[in-house]
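Heads up, the thing below is written out as structure tokens.
Chains here go by letter, A, B and C, matching the order in which they are written, and residues are numbered from 1 within each.
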Amino acid sequence: MTDQFPDSDPAAPDFPPPPIEQQQRMVEAILFAAATPVSVRELADRLPHGCDPAEAIRGLRSLYQGRGVTLERIGDGYAFRTAADLGFLMQTETVEQRKLSRAAIETLAIIAYHQPVTRTEIEEIRGVAVSRGTLDQLIELEWVRMGRRRMTPGRPATFVVTETFLDHFGLESARDLPGLSELRAAGLLESRPPTETGIPMAEPDDEDEGDPGIPAEDLFEDE
Amino acid sequence: MTDQFPDSDPAAPDFPPPPIEQQQRMVEAILFAAATPVSVRELADRLPHGCDPAEAIRGLRSLYQGRGVTLERIGDGYAFRTAADLGFLMQTETVEQRKLSRAAIETLAIIAYHQPVTRTEIEEIRGVAVSRGTLDQLIELEWVRMGRRRMTPGRPATFVVTETFLDHFGLESARDLPGLSELRAAGLLESRPPTETGIPMAEPDDEDEGDPGIPAEDLFEDE
Amino acid sequence: MPKPVDVPYLKPVPDASPDDARGAGTHDANAVAQRRAEEALIVDVDGFEGPLDLLLTLARTQKVDLMKISVLHLAEQYLVFVEQARKLRIELAADYLVMAAWLAFLKSRLLLPPDPEAEGPSAEEMAAHLAFQLERLDAMRQVAARLMGRDRLGLNRFQRGAPETVSRKRRTEWQAGLIDLMRAYARLKTRDEFRPYAFDRRDIYSMEQALDRLRQLVGFAGDWTDLSDFLPDGWDVHGSRRRSATAATFAASLELARQGTLEIRQDDTFSPITIRRKPT
């Protein structure tokens, strides 16, 4: 607590970086203080010049192995999260989860496993139109965001999952989605043009209304 | 993540309490996730029956000793806090560049050209009072400092420019400051008064004011 | 009306369903439940997320791997379902009917010997693709369930409850260059040069002042009096002040003589000038 680092001013590039133990303390402090994952790049920006946040993280991860809080990798970032097996102690902290509709859960899974994926592709997989509300809900949860437009006629928007999604579901990256490799091996993630075989698609003319089967009030069933 | 504690259900008082390491993990997780400091009593309520949160806290406090975050007692409760010496990491600094005010730059110029100079002398030259704030700002910038007191009635303080000033303005010494004639030659005194009116120029024959040729011996009387 | 055993998905709507498709305008839950119990058969088509979902559910009844599903049998199951719904005067959404028509077409193609002249995909290819779609939808359902069953943030894993905010400090870096400094000094030094011209009047005795004074004094001076006696106190000693006062007083006396108020006399060159009030 009484340590002072004369060389810890990020604006002083000429000082040698602090020893790795100090760097580890600094990374620990920054990650502990943040509610959302912090990327290695952000860490480097906030640490004194010359620090190696990736190395500090390696040390911290092993240090926190098996502890009540663990250092998780989430997308590009890192965050401390309480160990999953201790969730039962957290009744007071448990966040009321709005129960997602079946349509929303399926749509989310399709986006996660097929990303980047267009709305038409989602509809082709589910066999029904995707209601505007379903996508809106996923976007509002910050689990899904718009990706790049597809370079096909009409330049349709694509959807991808976010870092918040990874964080929520405890995934290091979208590559770690459960069963992803099996699905890929089974050829179930390949998109085939739907017109090829002429299977009818339930595609209402009214895109935004869509999905007459899911009344909007059904989106959030009470838990 | 795979640990399971069959004995960790707080509602099952007949099971023996989990080992102290587990209790420590539990307390660690609870304190991490809590929005406010948690008291030993609250911990005891949330932990499985028979746990000793005070003991777990002792263990955790020594575990976090000297780390980037420390376990601190706050009132009745305990909470993780960033180590005091790392507080600087919790700030990001944005640097805003602003021009010095006219009053400040004029005052600075007078001090640079006339040092050591008293406040009254500065005011005489500027023709207006010098606000305390202006001098304070220059002193805070470390461009100006107090010199020796003048050996005149009242022993007024004098002001001189500093090494930092010379550094910032790229001068080897205040003697390098260009004189009025040089300023004029440099086109800095464009609006030269019409000479045909015979109005006398501020020229060296005026003892007090004169100074394109600052008497050199006057400059660093103090150094 | 017997309950159709072979079409398990045509089932009474649960009492709690808020979606009163039959148009019972009452909110009395008991009355609704009673009437529904009497009518007994309302199809829960809304429970399906479209025809593909219904097909997938029907396919499960075949109790085989989806890869080995009999699409022909599935098509028949679907058509029976739609027929049943029609008998029960249940209005199916258009896409269910479109699917029914397509499956009837597929069924006929599957039953007939292949037509080498036919364009487009073969019946087997169409059936295979349908099986693929069902399998893919099924796979998505399964991974969705696995996803939702993970250790989720806010349910099993928790973030720091009291995150420490990063304060953004603003530091101002004051900028001034040598040129600013020199310009400021130049401005100060040249400001004096532009001060409006003002003559130093400290030692100047104006003709107006002399006129005023003479007008007052000359009334008492009936006799010839030396001009120098009219100089004001303090102006008759020091050189420059005396010169100024003398000149002004002399000029004033000339003016008053011109006006006919007084007379001036000088006996000789450089001899004293004397004045007196002009006798009337």
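Here is the rule we use: contacts are C-beta pairs under 8 Å (C-beta built on N, C-alpha and C of every residue); 3 or more make two chains touch, one makes a residue touch a chain.
Because the structure is a prediction, the values reported are computed rather than measured.
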item: Joint neighbours of chain C and chain A, given as chain labels; value: B
item: Centroid comparison with chain A (C-alpha atoms), farthest chain; value: B
item: Closest chain to global C-alpha mean, per-chain Cα centroids; value: C
item: For chain A paired with chain C, centre-to-centre distance based on mean C-alpha positions, whole Å; value: 27
item: Distance between the centres, which are taken as Cα means, of chain B and chain A, whole angstrom; value: 39
item: Centre-to-centre distance between chain C and chain B (centres being mean Cα positions), rounded to whole Å; value: 32
item: Touching two or more other chains - residue numbers and ranges from chain A; value: 32-33, 80, 82-84, 90, 93
item: Where chain C touches two or more other chains, by residue; value: 151, 158-161, 164-166
item: Touch list for chain C against partner chain A, complex; value: 18-19, 46, 48-53, 55, 93, 95, 98-99, 101-102, 120-121, 125-126, 129-130, 132-133, 135-137, 139-144, 146-148, 150-161, 163-166
item: Residues of chain A touching chain B in the complex; value: 1-5, 8, 24-30, 32-33, 46-47, 66-69, 80, 82-86, 88-93
item: Chain C residues within the chain B interface of the complex; value: 151, 158-162, 164-194, 197
item: Chain C contact footprint on chain B (complex, rising order); value: 1, 29, 32-36, 79-82, 90-100, 102, 104-106, 108-110, 112-113, 125-127, 137, 141, 168-171, 177-178, 180, 183-184, 186, 188-189, 191-193, 197, 199, 201-202, 209, 211-212
